[in-house]
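Next, two complexes with chain A in common: one pairs it with chain B, the other with chain C.
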Partner chain A sequence: MPVRVGIPRALLYYYYFPLWKEFLERLGAEVVVSDRTTKGILTRGVQHCVDEACLPVKLAFGHVQNLVDKGVDFIFLPRMVSVAHREYICPKFLGFPDMVKQNITGLPTVLDTAINQRKKQRDIHQFTRQVGAALGKGPIQSWLAFQRAWETHQKYMGLLEQGLLPEEAMSVLAGKEPKQTADNTDLTVAVIGHPYNIYDPFISMNLINRLRKSGARVLTADNLTEQMVNQGVKRLPKKLFWTLSRRMTGGAFNYHDQGKVDGIIHVAAFACGPDSMTGELIERFIRREGKVPFMNINLDEHTGEAGIVTRLEAFLDMVRWRRTAV
Partner chain B sequence: MKGYLGIDVGSVSTNIVFMDEDTNVLESLYLRTNGQPVVAVQRGLKQISEKLPPHTVVRGVGTTGSGRQLTGIVVGADAIKNEITAHAVAASHLVPGVQTVLEIGGQDSKIIILRNGVVTDFAMNTVCAAGTGSFLDQQASRLNIAIEEFGDIALRGKTPVRIAGRCAVFAESDMIHKQQMGFNLEDILAGLCEALVRNYLNNVGKGKEILGPVVFQGGVAANAGMRRAFERAIGMEVHVPKYFNVMGAVGAALLARDAVSRGVPTRFKGFGVADLEYKAGSFECDGCPNLCEVIEMAEAGRVIARWGDRCGKWSNALAAGNCS
Partner chain C sequence: MKVTFPHMGYMYVSLKGMLEYLDIEVVVPPPCSKRTLDLGMKHSPEFACLPLKLNIGNFIEARELGADTIMMAGGCGPCRFGYYAYVENEILKDLNIHYNLVVLEPPEKHIGELLGRIRKITGNRPWIKVIKALRFGYLKARAVDEVEQMSFQIRPRELVRGATDRALQEAVDEIERAKKPEEIPFALNRAREIMEAVPADMSRPVLKVALVGEIYTLLEPFSNVNIERHLGYLGVEVERSMMLSQWINDHLFMGLVKNVPSSERFKKVASPYLCHFVGGHGEETVGAAVWYARQGFDGAIQVLPFTCMPEIVAQSILPKVSGDTGLPVMTLIMDEHSGEAGMITRLEAFIDLLHKRKEQKEVLASW
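Entry: the complex of A and B
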């Protein structure tokens, strides 16, 4: 029987799930994903996590718990230090495997091999070798498994760049027909935020679907190529060394500069340090030019939807009103 | 007579206006919601129907405010709009050329920026309700003064005391401290107004370009002390429109007029809804771990609406008509 490796449907799941899945399966594992976020998962996460952590980390705790319940043999929590030259992932990701090990009892083995490509891109192979060894595979087989998985990842990125959102792209990769998005949209809105906030319908209070239902086409920073993101971020006087913040900021600026969107919504999680900075940065640059309407939305544990509904409605009214006035 | 009804159901007050076809506000009502939105709406409809001449025809109804969905179902609304749009529509209609709307209500405060009659930007206070009407209410009752007198007392303050306005809890302890030090009430209240305005401009008005004409509306605009504090802080005249406390309802009526202007008949169920029995209840759905709190609205014993379920299992069942 193959070993069962659990991946939480949280944090960088929306970027790397196809890559991790293929990689682990080629190493002979069966991949188990935690269930979709529910009130129950979030509540358990909040109970077990340190109170100063941000909402996404608390939620990820709940997903790890969910995997523990499923009785997996391993939980895959790579220690994400850096995925790009001279850049970092948020330090909470770096410490996440340790937080989990300290606070959750009854854990199976945690695969917390570090990914640190800050110096060299090829440092990833240290990671592939170690994960392979943990699953009883040799270095060459691990390397080959990762190469194949990387091809899938490239395909996944390609689908995102065509305008699909992660869940849609994943179902296309799984061989399903892409869902036809309705044509009854009259405007385009860029939703800028960390993938684990905007793509989780529970946490974002269904933000993307609400926009779509109200007649807006939704684009995110992940629908842009790396080159476009870097083009956008060029207007900043200094390099942003948080990879995710660079993507969000660059994405917002690119959409703004290309005039491809009618409005930009920035989604921040309460208690997220980088969000409070990048949100401000994006807002200032965009307001300075005053061309594209901008709104900031803060997410936290509350499940009352009235606040978000009011803001989204008012934002779309404003965008439409502004357009008819020109 | 023919006209339009606008209903704004907020956390603190429920306001209703009746507007004739030339958009003149004929009747307006300001009632306390007291946590019972449906009862407040029913009471309001009854009062306003008694004030209106017999044979008045309601051509359209609009609802706004945090209770807009609920009320929209109860009365049969033609336009259900968020309060930001409603306030902006009302302000630009009553004060042509307005460029900035400052609005402070019971639980929320907002700033709306208009340019050439179009909303170009807005902001609402975030999770904290510091600096809104309910905080002023609470402080007035703690000091044992009527909220209606608050503004006039604050106006008499010559040297406003510096009070921390960032957080309602800090503001309160700061006020108590200043009281115990012997500052007089006028100066403390004037200082509180300045602190709230400072917090508002800092928090809600952050980075917005405030240009005149500036309109100050919402229940708190009744407070002359707040108005003066705003004028001092931004160095501009602040205009308080005649219907400042029912502006949301005025906007809703205007939006209703717009909604039925294309020959659509109104969905208004008539003033009779004031006498029907409405019952709201809720239950926790145990169909999945989301445990949604589903709210159910019954009109004379018949369920007319459900909401609050994430998956649509309950609300759609009703829309499809296969539910008792």
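Entry: the complex of A and C
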């Protein structure tokens, strides 16, 4: 029987799941994903995590517990230090495996090998070798597995850039036909936020689908190429050292500067450190020019659905009125 | 050019000394006060950490005194502090307060960038003079740290409440008055004499509590609502895991000065609890708790600003450290609503608990 490796449906799942899945399966493991976010999963996460942590980390705690319940042999929680030159993810990602290990009891083995490409890209091989060794595979086999997985990852990123959302891109990768989105949209709205906030329908109160139902085409920073993102962040006085925030900020500025969108919605999680800085910068830069309507939504575990719906409706009405007026 | 900088405890003594040694005009912002915080809160992002809010307040108040250039440190992540200067500058711009911003941070490409930024402040003064000034600032920081450490020991044993606080301010002023490196030893001697003159009963038994956590809230008494003073009044000898001179030596001089305590001693013992650095001082906080437990301290208090990312990681690991080592640990989170009275109550409860524990231990040991 193959070893069962659990991956939580949280944090960087929305970027790296196809890569990890392919990689681990090629190493002979069976990949188990935690269930879709529910109130129950979030509540369990909140119980085991310090109060001050941000919403996504609390949620990730809940998903890890869900995996513990499923009785997996390993939990795959790579320590995501850095995925780009001279950049980091965020301090909580750096410490996340330790937070989990010190706070959740009855854990199976945690695969917390570090991914640190801050100095050079090649450092990824150390990671593949160590994960391979943990699953009983040699360095060459692990390297080959990762190379093949990387191809899948490239394909996945390509699908995102075509405008698909992570869930849709994953189902396309799995061989399903992409769903035809109805073309009755009259607006384009950019939703800017961390992937684990905007793509999780429970956490984001189904924000993206609500927008679509209200007749808006939704774009996110992940629909842009790396080059376009970097174009966007150029106007900042200093390079941002958080990879995710750089993408978000660059995305927001790119959509703003190109005039491709009718409105921008920034989604921040309560107590998110990078959001408090970059959200402020995005808002100040966009408001100074006053070209594109902007709204900031803060999410926490108490967010009420009705409140979000009201704000979205008001925002879309405003965007539409504005367009008829201009 | 009138240079200003944000406050962080007694850091102004070093920075002012250093800049004045180079004949640069300095505007020290008024000490952090309720007004500073109100100004900062009003204009800062809601979830930014407390130091940023106080920085903004400092800069607005310094502008009222005529400052036109900000000098501050930077960094390259992952802690938010690395981006502070730029966010603060954008906020000030929208308030129509335009400063020249000089951020001293590790260079992106080569050392020339950093030297160029220093030149913006020092102008054409020779490098040797700049280096001398840096050394002067460091020596001042060390002198201030020494009298501060003396105050930690004297305060719980003082006979007249508040005498140590007055003496400490006098001693720091004495060091501040030193204008040349040669004057520091004399100033330090006088400062020591002032501290030793505080009437105290040095044989009084006291509890020993370590303060660990985030550097700004440890160093700036306004941000931690004078925690050191209140602990002293409760009869507790405090040891702070982070002193300014230690930070300067570890981070700016890369450990150039030997034979002084460095944060390395904490990092070594942080594993297996926290096996990777997490930015800021998260790793040091966890390590310091382990280290002080081994030193036989009676307790530790972690101090951090609300939403501080590295310290939240540490905070979620500390209960485990506490359980394994038997060191009682309390976490105090500072934000703009921190009230002095509420904190004193919590400190009293914690210290009562430590007293009881100590009594129990002594009874058991005497059997």
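Note that in this section the second predicted complex is superposed on the first by the 325 of 326 C-alpha atoms of A that agree within 3 Å, B and C clash if a C-alpha of one lies under 4 Å from a C-alpha of the other, contacts with A are read in each partner's own complex, and residues count from 1 in each chain.
Just so it is clear, contacts are C-beta pairs under 8 Å (C-beta built on N, C-alpha and C of every residue); 3 or more make two chains touch, one makes a residue touch a chain.
Here the structure is a predicted model, which means the values were calculated and not measured.
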Chain A as common anchor, with chain B and chain C clashing or fitting: fit
Partner chain(s) touched by A:R284 [first = chain B, second = chain C, both, neither]: both
Chain A residues touched - chain C or chain B, whichever exceeds: C
Chain B versus chain C as contact partner of A:E177, first or second or both or neither: neither
Touched partner set for A:K39, first chain B, second chain C, both or neither: first
Chain B versus chain C as contact partner of A:V50, first or second or both or neither: second
Contacts of A:K238 with chain B and chain C, given as first, second, both or neither: second
After the two structures are overlaid on chain A, angle v-u-w for chain B, chain A, chain C in degrees (C-alpha centres, nearest 10): 80
Minimum C-alpha spacing, chains overlaid - chain B and chain C, in Å: 5
Chain A residues contacted in one complex by chain B, in the other by chain C: 270, 284
Chain A contact footprint on chain B (complex, rising order): 66, 81-85, 116-122, 124, 126-127, 207, 288-291, 310
Chain C residues within the chain A interface of the complex: 45-49, 74, 76-80, 82-83, 86-87, 89-91, 94, 103, 108, 273-280, 282, 306-310, 312-317, 319-320, 333
Footprint of chain B on chain A - complex, ascending: 35, 38-41, 202, 206, 270, 283-284, 287, 290, 293-294, 298, 300, 302, 306-307, 309-311, 313-314, 317-318, 321-322, 325
Complex interface listing, chain A residues touching chain C: 49-50, 52-53, 79, 81, 86-92, 94-96, 98-99, 102-103, 114, 236-242, 268, 270-277, 279-281, 284-285, 288
